[in-house]
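In what comes next, chain A is part of two complexes: it sits with chain B in the first one and with chain C in the second one.
Presenting the complex of A and B:
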């Protein structure tokens, strides 16, 4: 509204309900929302709430919190929280930290950029099974990696699969492309002239990164971290195939699956799933609270 | 291309090349193994054959599995576009009370790990005897797909000028004509991009399909997973052959997707410096 426009005439005393609703944005267009809204309520909200109330009705009795008490008193179940965080946090951190310098090298235009970007994105298509098979065959006792090490004079093959490391590697391989793509797009959203201005004013390369680019990039990095953390936190198939599913990599999703669909204790399974969501949301909330303290103005990149 | 002689750049490129070499190893080992007659304690296999592919095709009933995968993926794409695009239109064009809440509700299924809502969802689907069939798999896969279409289409619709619609209405177009003859052609690129992304996600979605699939409704990923867990009695080559089939079909899909969507512009749309 420009100031030169006259004020609209005051609404009539008896404007119809339809009219008044339309002024608040409620009109026939909103009927288009109905299928989507029904969909998300029936297929997402209802199951989640159903699972929540199911988790308070333990199969073996023991009060509404029976399942949760059982979870925290059984070390085999309780430790899954720590095991999952020990995998998810480092994996997300590695993916984000590795993306920053690589995205830095790849911004701007140069020949072969598309090739390198495509090569970095290809791991998305690998899928967990090929990655798992590849890791088992490449890093295994007779695999190429250990053969190279033996040739270089290492005494014994290193054990890198069917334990913690195998799962971590598979999380890095599958998670890195996502982190890299997001970081690259956040980075290319920062106007290069800001850095050029700093350079003109005599800021060194390091200062420009430290005081110009990093603060502008940090909110995006927080989001990238959250998304890769969610991916890593819900690790399931690779924890079974390249991990040690009943020991070192007995993560929460395995615990939830096994209780619900192997032992048919749906109620305890739902409780584990709810705790899984809770832990994940807690980590994300921490990151987002930290993000809220950062600079969140324009990055000059929006066209 | 100009590589400055700074140590930081060299370290970065070095690490990148190290990662790439290992990646080639990780991909190359099963790829080579799927063609190997036998491969034990040596650098390279002692002979090559393509018979593992025919064996995998027969043993895992791949035609059937691929048909199910195709059915599920196409159904999920069509339904999620039909439900998602109108919702995205309303979200892009109107401000109304409760919009924020609705947005959060649409965002959650994308952000939450599939396992957390998949387990209650599968329990509910089993309760209504939907799980274990192709229908159940489709329904479960729709849960993240519909919000995904909404989230990708809303910004796309926002950037279509409302004046075009107003002009059409001024010229006497009916609502149906506006939708079919003005909006639909403008929306096609966005719908195409969203559909391909949903297709890739659905073909690759393991958790939800795994939780809801029965023996006749396994998609390629799930059947692949089962083939690994039952691998004790078979040669690893058949599993590798199947994994290679899966990966190459995903690769084809991704290459098609990249022709329509520029992945680095998913977050911010930046004008390319010419």
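Presenting the complex of A and C:
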């Protein structure tokens, strides 16, 4: 004890400031965030801000909002919002809804689980181009599916590619693995004894799902929906390869690409990209507002 | 809680078996539970207690045997159709529901009317003294309060059988004692038939009307607390019931119920619990508190052992002493006398307090 008393007391002011900052999580480890921050600024913030200011400088004049006025007065451009939403929302919804029962079946431990999970996740590694090729093989006019239909006596081959459906299929195939993996991990976070407890209290399988699992899973499903929606909303290659890029699947990313790199109107292209981001943010904001009304605490049994 | 629960007369657990792959967690359990009884399943971790409870609740399908309630077979019913209340070790409270909704969940699943539901939930909340906390969520409650919610949630349905899986093991020591009394009080006032799982012999002895001691999935002994405490059937049960001293001996002679056993520097008479023949390898089980100190140079040294004191722990009125026998075996002794490390002591134990078991049935 005496040894510490003999030492000169540390400068009180400085120590307490450091202490107060540390209490708020401010200390030297914060420097570790610097590389990440630089990365965000260089690769994300700068292009966004650059694009934003570019979009307010129309090539053909017409005031700062010229590009935006042009976008909304041209039906070919304006309709891309609806076209993209019409693809992105159902695709995200299908992916989330399909992943629930499958993740539900696969959450326990059993033999062959790894094989099945791997098979479900493989489409991630295929990439959109291979998926598109496969879709054309299977669902095209001369594809296997139609050949089977024709031999079964159907008169006309059904058009399932090079239109809306082709793109939707492709979005489901590429988006489902993400939705499934996310849902599975959210589901694994729910303590199985909660469902057992509900069962001993007389809840049937359906009641257990409705009153226990689903409410605890819902916040995770909201996040899953947002992620697969963002993936689907920015669809580009499959909208061209298995869609009808100048008509039914003239999505926003194609519009942005065409204006910027075919018509060389970078400024209008930037405006389309900004609107694309805005629509996505609006949808995500809506979902997150709904999510905020849900229970979002721990999903373990101890509360 | 005014009306008695739906009672059964007898529940038969008939050679119930449960295996997980190659490991057999429960080997042919036989037990008959009478309505209103409080049964404790006692055994160390991994002996199959939870497995037995989950089999009863319907959460685990049996791999053999059957369960009948008043002659009706119930082991093929899913848990929601058995209607047994269960209190889980981790409470398993629904984190997204308030205390009220947690407790009312079972009633609403049974489509009980709103006024009836509210009345019964109110009653249950009052019974476990959570009235001020009824609108809180589980995460806002202390461990003891969560425990009460779990119990209230299980008993509000007045189930024919309440199953409790180590309900007190997550609580600190003083709260554990308090809740133990609470559980006993609830059982006495409601008369709910209860199967209570614990690894704590004190808890089991304090609560149960009947004890079932398990070991590696096998029932070792079934009996009243007094019976199991005083007359364990084998060395394993004895070890669990506080017979901490297990001296390795050989049976020298048999005389009716009793036998004389000898070990290195030890010669004791005791009760021959397993009717061992002379010459058999055995253990002599003695409780630490059954030893008494013999005054030095006493005339009789009948049924005594001599040992050297090594460690003395002060426990208030008593001392816990660890001593060493001439054979090198350790001896646990509780005594009121003041001893010091290094003392050589002569310890006497009454013949009826020495239990002789076959070797190898302990641990």
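For the reader, a short list of remarks on this structure follows.
The definition used in the following text is that the second predicted complex is superposed on the first by the 269 of 303 C-alpha atoms of A that agree within 3 Å, B and C clash if a C-alpha of one lies under 4 Å from a C-alpha of the other, contacts with A are read in each partner's own complex, and residues count from 1 in each chain.
Here is the rule we use: a contact is a pair of C-beta atoms (placed from the backbone, for glycine too) under 8 Å apart; a residue touches a chain by one contact, two chains touch by 3 or more.
Just so you know, these numbers come straight off a predicted model, no measurement behind them.
On the superposed chain A, the positions of chain B and chain C stay apart, so the two partners fit side by side. Vertex at chain A: the C-alpha centres of chain B and chain C lie 90° apart in angle, rounded to steps of 10. When the two structures are aligned on the shared chain, A:160 is found in touch with neither chain B nor chain C. Of the two partner chains placed by superposition, only chain C is touched by A:207; chain B is not. Within the superposed three-chain model, A:36 lies in touch with chain B and out of touch with chain C [touch as defined at top]. Between chain B and chain C, B contacts the larger number of chain A residues. In the superposition on chain A, contact is made by A:142 with chain B only, not with chain C.
Of the two partner chains, chain B is the only one touched by A:184; chain C is not.
Superposing the two structures on chain A brings chain B to within 11 Å of chain C, judged by their nearest Cα atoms. Residues 299, 301-303 of chain A are contacted both by chain B in one complex and by chain C in the other. Those residues of chain A lying in contact with chain B across their complex are 24-27, 29-30, 32-33, 35-37, 39-41, 43-48, 50-52, 54, 98, 101-102, 104-105, 109-112, 117-119, 121-135, 137-139, 142-145, 147, 173, 176, 181-182, 184-186, 188-189, 205, 220, 227, 230-231, 233-234, 236-237, 240-241, 252-253, 256-257, 260-261, 266, 269-270, 272-274, 276-277, 280, 299, 301-303.
By the touch rule above, chain B contacts chain A in their complex via residues 1-2, 6, 8-9, 11-13, 15-16, 19-20, 22-23, 25-30, 33, 40-41, 43, 82-84, 86-87, 89-91, 93-97, 102, 105-106, 108-109, 111-124, 139, 142-143, 146-147, 150, 204, 206-207, 210-211, 221, 224-225, 228-229, 236, 239-240, 243-244, 246-247, 250-251, 253-254, 258, 263-271, 273. For chain A in complex with chain C, the residues that touch the partner chain are 191, 193-194, 196-204, 207, 211-212, 215-216, 295, 297-303.
Of all the residues in chain C, the ones that touch chain A in their complex are 57-59, 78-80, 82-86, 88, 90-96, 105-106, 109-110, 137-139, 141, 146, 153-154, 157, 163, 170.
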